[in-house]
Amino acid sequence: MSHSIHRRDFLAVAAGLLAAPVLSACSSSGGQSAAQQASASPKSGGTLRAAFPGGGAAETLDFLNGPTALDYVRARAMHGALGAIDPGAPDGVRYGVLERIDISDDLSSYTLKVRRGVKFTDGSALTARDVLYSLNAPVTLGSLPFLKPPSQNFDLAKARVEDDLTLVLPTKRPIADGRLILCQSTLVFKDGTTAFTAGMPTCGPFKLTEFQPGQGAAFVRHDEYYGLALGGGPYVDGLELRSIADATARVNALTGGQADFAADIGPVASRTLAANGRFAVETSELPYATSLSFGLNLAHAPFRDVRVRRAFKLAVDREAIVKTVLFGHGFVGNDLPSLGFPDYAKEIEQRPYDPGQARSLLRDAGADGMKITLTTGSEVAGLAETSTLYAENLKAIGVDVTLDQRPPGRLFADEGYFKLPFAASFSPPTPPLSQYESTRTAGAPSAFGFDRPDIDELVAKARGARDAGERREAAVRAQRLMWEEGNQVIPVFVPSINGQAKTLGGVRYEPFASFSEARLV
Amino acid sequence: MTRRALFAALCAGVIVLIALAGPLLTDRSPTAQAGNALLAPSPEHPLGTDVVGRDVLARVLHGGLAVVALSAGATVLAGAAGLALGVLTGLAGRRTGELAVRAVDVLGVVPPLLVMLLLATGFPAGDLAVLVAVALVSLPFSVRVVRAATQQVAGSGFVDIARARGDGQWRILRHDIVPNILRPVLAETGLRLSASIHLTATAGFLGLGAGAPAPNWGRMVGENAVGFALTPWPFLAPALLLVVFAVSVNLLADELGRALGVRS
Amino acid sequence: MSELARVSGLVIGPASGGAPTVDGVGFTLDSGEVLGLMGRSGSGKTTTALTLLGHIRPGLRLREGSVRVAGLDPFAPADVRRLRGRVVSFLGQDPAAALNPARRIGGQIREAVRLRAASAGPDQVDRLLDAVRLPAGRDFLRRFPHQISGGQARRVAFAIALAGAPELLILDEPTAGLDTVLARETRDLLRELAEGRGVVLVSHDEHLVRALAADRVLVLDAGRPVSAPPRAARVTPSPPPGPPSEGPAALRAERLSAAHDRRPVLREVSLAVGRGECVAVVGPSGSGKTTLARCLVGLHRPAGGEISLEGTRLAPDVRRRTPDQRRAVQLVAQDSMGALNPRETVTAALTRPLRARGLPRTRVPGLVAELLGRVHLPASLADRRPPALSGGERQRVNLARALACAPRVLVCDEVTSALDAEIGEAVLGLLDELRRDLGLGVVLITHDLAAVARSASRVLVVHEGEIVERGPTASVLSGPRHHVTRMLVEHAADQGFGAPAP
Amino acid sequence: MRWVAFLARRIAGAAAVLAILSGLIFAATEALPGDAAGVLAGADASAAERAQLRADLELDRPPLERYGDWIAGAVAGDLGVSLVGRRDVDAVLFDRLPNSLLLTALALGAAVPAAIALGLAAGLREGRPADRMVSSAALVLVSLPEFLTVTLLIAVFGTWLGLLPEVSLTPLGGRPWDTPQAMVLPVLSLAVVGLAVMTRLVRSSVAEAAASPYAEAARLAGVRGVRLALRHILPNALGPVVQVFAVMFGGLLGGAVVVETIFNYPGVGFELQQAVANRDVPMVQGLALALAALALAVLLLGDIVGTLVNPRLRSAP
């Protein structure tokens, strides 16, 4: 019952696609479930039923415009993907329908090689033209902003199709991390597609047989899927993705035997479920965790003093939040985004919980007893609760804080959000540098007044440098500056917490569950 | 006063007392984290801790005020507006009155929860939205009862005589109409109050209204339902208080109606 | 004759304890015999009669005594089934209200026949309808109670009561509240239907008891049987009213017409009343009398005609009249209870008009006491509210409140019809006194010629909104020309009032 | 002829109310701060992206103009396209409405006979133990907020006894009635709420009718038991109740929001709640208007049936 109406996983999830890695035959990352390891034979069959937070009638096959978790999970089951971000892979990405991406030495041109033998459900083969059309679709067909980075970084108008399997993309300016951008979330479909329908040709692991917005979708295995030839899944004969908005209802569907898998059940329900022997709780591993963050708006006078910003960072008891709000299912943050990604500066020491120093910093800045309103919402699991605890932490160092928890769905609906002095937010798992450029550079509203040309320059340098050592050094320097002087407090990272029947194995978490390798025992 | 009424008044009184004086009975903060989440009751935390690890007893003691104040406030608001509108439309000419009542009835057609959803999300966040929404939902009932009572009294002999004698509208209102419609209006107000408690609690449950850390029995029930299987107290304690409050107010309204000779 | 019913040592009181409402009543009734049960309201008549059906009103309890009807005990569940509707039938004060508003007439009668008649032949319904003189047509039987007249509804109720051919009929105030014409009709019908049956007639109306030829009369007073029937106070005609005063009439209405929702109820009615004079307006129910009263005081806007006060034309709407004009014409209504604000004490009710006249606060208590004295009410009633007053007392308070306005004309609309005869008599006496002492003009609206006989100098007879006869009281009563007038006079004669000697 | 005039008058009245309501609904949804563009864009979108999104969704046109378009479309049966997911609002409505109607109708279907039976049993025994029991139970149930009733029902029948599914998952491509067992708890949850209210109503109406002169006359004439209850008292007690049943239907239809959400039941209330959270203005407007129209239609029906049941009104509407 619980947060029936709070549970708006809505955009949380939508934006989470930025980094949603696409399945590939040989995985090296993602959580390996106990069940997966226990089961030796990959033979399976059967129909897998999985429950996800949906969006009611708003759900659509047009994943370019359908921003619920389910819309993307469904699209990913149907459509092939260019690849997936994979920090463990040599290129930082695993390739899907692509064989490889070659970068010119001057970082100004990317050559995409399409995998041979990728077939659509209508029997036709995937070509470079289809890939180019798919990359362009967010602009030509219209899409939500988070799908547009490829078109923002590459000059698609000047792209060349060399042959059926080769596509050359010039960059708008030299970048080194173009593979990440291309593979972040691009799904491929046929050249000339204008409408997304149940009958359209697709080249993903499953073939859609039934779609009911707000209720779910049914699939059968796509027998021509290129992954099968590479020795991978899918192993199940059928897949049902059910839309269940309420987290408790998803858990109920799982415990009641109506589903084999319940996505995103939240920390509390996971504890309840863990007590039940028939079910397992699985969480995604780093870097697939959502950061919970708090923006200190520099338009608000006290926050212009770096001591106040530092005091706000020292005041938060990160361990306590992980322990009590997330029941241990979480990662302590270090006020930097993108924990777990290769470009993340893990050499920067963990900031301690030091209310004493925070208090004295505040006093030095003449800001003790300052009045502030912390605006938050319940857009993702744990956000409201984390805000609650953070507010208490701040009270403890002498900040007169008022918590304003917006009703569900209201946090970002308001144009005034970016004018708030102190507001909660979250970020899906995203590589740090491109994320910084799109959201933190001077003038971006979500920067909350953060305007540091020196850091902007460092980030640009890190993205554009040909030498890896040089790139790393610039990236770490930029992050250290943000760590010391930035206006973002990131106390924790929350993984996706899912429940599943013990009969189910092979589910991978990246950050959403993918079932292309799943088996029912 | 019947035994039932006495019992109901006692229960309602205790609940109101808890709501008003509760904050004085504990020195624990209702918002501070007091331990791990969802701890079972212990001497330290007689009702355990909630999903965020806050002391449930402290939250229960602090959380009644919102429910009691909001439901009573909405009832008073709707009652006052209903009295004014009901008397005016009751005394107005037939056509004007009908028209005014139709206009108010428009509100009654819309399911209460829809009004709540629209208003509570539309207004600047906060309890004011809930207050206004609950009052608005109550208004049509209030107007109808007052209007019917007013019409009945306005048609009675003593009003005719006062009018024939030349008493002014105000004098008639004050001496003849208002004192004689108080019974049904009072009985109706009791029923409205219980309905308001119901709606206010539902608003809390749905997370509408003022910010989350502020304890509110309805919201506590919503927040903690998910942990019901681990420890039921964070859910049950506010739920029980809500139910006892609503039942006793309903019972009181019933008894009041009976005592005043008004059928519900 | 065999014994049909025996009641002995009956004691009935509130279930919660307290003084009994029926205390030691007993009687026997042979078949075919008529017993009159008399007494004031509240004397326990109805409660006693209902025991013959084994019924005790909620809140009361049978404490002692036994009841036998045809050898059966109505309080024994097995026996009562055989008694109700078959041996004993009950007709209440308002038999029409006993009809189920949601069911058709035919269905109700047929059900009664099917359930109770010993021989339920197909023609039994027709025979019943014939007995109560109702049409037997299908069309009539398909109607609902609200679609037939009050008189017809009463007959249907009689038919249902008679369906089981009961040996004993219990009649509870069967003519109370009826106007002259209907009361007479009902009495005639009852006389016929009671033929050959045992009857217990509950009434405070001596004339009805006499009309049904009661073999015996049992009089109750506060639940106890008393030996002698109380004598109805003999009406002594008042001394002939003083001669009409000279000069312009205190109140005059010229060719007054009025309508309700475009349905005309008054057609060109004219009347005038002088200072100290009493003019009576008589007519059966529904003839437009009350509308006339409301027109006179300005509460009902006439469709035509005009009203003047001592020569000055009055606005039709009371709100347009001057405060002085409003006070000059005061209405006293039939429903003494409804005319008083139940939340106001007597003092408060009298204070309001006094204060409205602008009298200083200090003088008010004295004036209230004076007014109470004027209408012969003890000062001890001053703090009571209307429900704590008797009907007569309330009507006096109403009069006193009207007097508080220092009126010149009183319009009295059926002021005595809801009162017991004696008390009504006293109220009329008070009116005469006020007329004499204060020079008040009185328009006495009534259906009761007895009242007219004693007070009015002139009579107007209204029928269906029109004046059908007018003239000095004596001549109208002694030589009625219109048939309505004749009926009213006959009724008055039944009641024991002859036309005053010329 | 009188009936034609009567119907015409009532329908015209309902239409006028609906017109006022459409304005109110539009104004209320317009007043929602923020818009779907903000929700869709998320926290990290730039100002230009937001503006583009607003233009794409036509949110930058003047409200009056959009109201005009909306009403014109609604009259023609076109409720527009949702902002999120780009679905035809009327398609969603017609897909979900049967489910909600079924849920509400079943709940009423369960509650009405039970309420009449219980109300009759209690009303005829006013003040006696049976009445006190029924009245007290109804009083407690009426005071229980829906969310508590539902929680308790799920806890008992779902979690503890394991008899019934706790979620209403309908087979894909099917309708809720394809899995009747999944409908039991939602129907029960909704029925309990209505049952308590209606039982109280029937009880007091019956008690009133039972104390009426015609009921006493029937009793004194020897009519007893079932015949007295069903033939004499109930017909008179039912009239005022019918119209309240109609109001209840509208209330239940809207009140199903909580129940539908908890059980993930694919109804209009569930979609409405989702749409409100998404700031999907056309969807909110369309669904709210449809719910209001439906509630009005049922009220109208109740009005007509109430008139039919009452012979006094029937003959002279």
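Labels A, B, C and D are assigned to the chains in the order they are written; within every chain, residues are numbered from 1.
Basically, a residue touches a chain if its C-beta (ideal position, glycine included) is under 8 Å from a C-beta of that chain, and two chains touch if they have at least 3 such contacts.
Here is each chain with its UniProt name: A = Peptide/nickel transport system substrate-binding protein; B, D = Peptide/nickel transport system permease protein; C = Peptide/nickel transport system ATP-binding protein.
All figures in this text were calculated on a predicted structure; none of them were measured in a lab.
Colleague: When all chain pairs are ranked by how many C-beta pairs they have in contact, which pair ranks first?
Modeller: Max contact pairs: A-D.
Colleague: Please indicate which chain is farthest from subunit A, where distance is taken between mean Cα coordinates of the chains.
Modeller: Most remote chain from subunit A, centroid-wise, comes out as C.
Colleague: Can you check how far apart subunit C and subunit D are, centre to centre, with Cα atoms defining each centre and the answer in Å?
Modeller: Between these chains, centre-to-centre, one finds 50 Å.
Colleague: Could you work out how far the Cα centre of subunit B sits from that of subunit D, in whole Å?
Modeller: Roughly 22 Å separates the two chain centres.
Colleague: Return the distance between the CA-based centres of subunit A and subunit B, expressed in whole Å.
Modeller: 44
Colleague: Counting in whole Å, what is the centre-to-centre distance of subunit A and subunit C, each centre being its mean C-alpha position?
Modeller: Their C-alpha centroids are separated by 88 Å.
Colleague: Show the residues in subunit B shared as contacts by 2 or more other chains, in ascending order.
Modeller: 121, 206, 222, 225, 229
Colleague: If you look at subunit D, which of its residues touch at least two other chains?
Modeller: 32-33, 147, 151, 258, 273, 276
Colleague: Mind pulling the residue numbers of subunit C that touch at least two other chains?
Modeller: none
Colleague: Taking all chains into account, which pairs touch?
Modeller: Applying the touch criterion to every chain pair yields A-B, A-D, B-C, B-D, C-D.
Colleague: Subunit A touches which residues of subunit D in the complex?
Modeller: 32-35, 38-47, 49-50, 53, 56, 82, 84-87, 92, 95-96, 147, 150-151, 154, 158, 165-167, 169-170, 172-173, 258, 261-264, 266, 270-271, 273-280, 283
Colleague: Sort out for me which residues of subunit C touch subunit D in the complex.
Modeller: It is residues 50, 53, 55, 80-81, 83-86, 89-90, 92, 94, 97-103, 111-112, 115-116, 144, 146-147, 157, 160-161, 164 of subunit C that touch subunit D.
Colleague: Give the list of subunit C residues in touch with subunit B in this complex.
Modeller: 294, 297-299, 318-319, 321, 323, 326-327, 329-331, 333, 335, 338-344, 348, 352-353, 356, 401, 405
Colleague: Could you please specify the touching residues of subunit A with respect to subunit B in the complex?
Modeller: Residue list for subunit A touching subunit B: 1-6, 247-248, 266, 268-269, 271-272, 275, 320, 323-325, 327, 376, 378, 384-385, 388-389, 391-392, 395, 402-410.
Colleague: Which residues of subunit A touch subunit D in their complex?
Modeller: 1, 4-5, 8, 10-11, 14-15, 55-60, 62, 65-67, 142, 144-146, 210, 212-218, 240, 242-246, 248-249, 252-253, 255-256, 258-259, 408-417, 425-427, 438-439, 444-446
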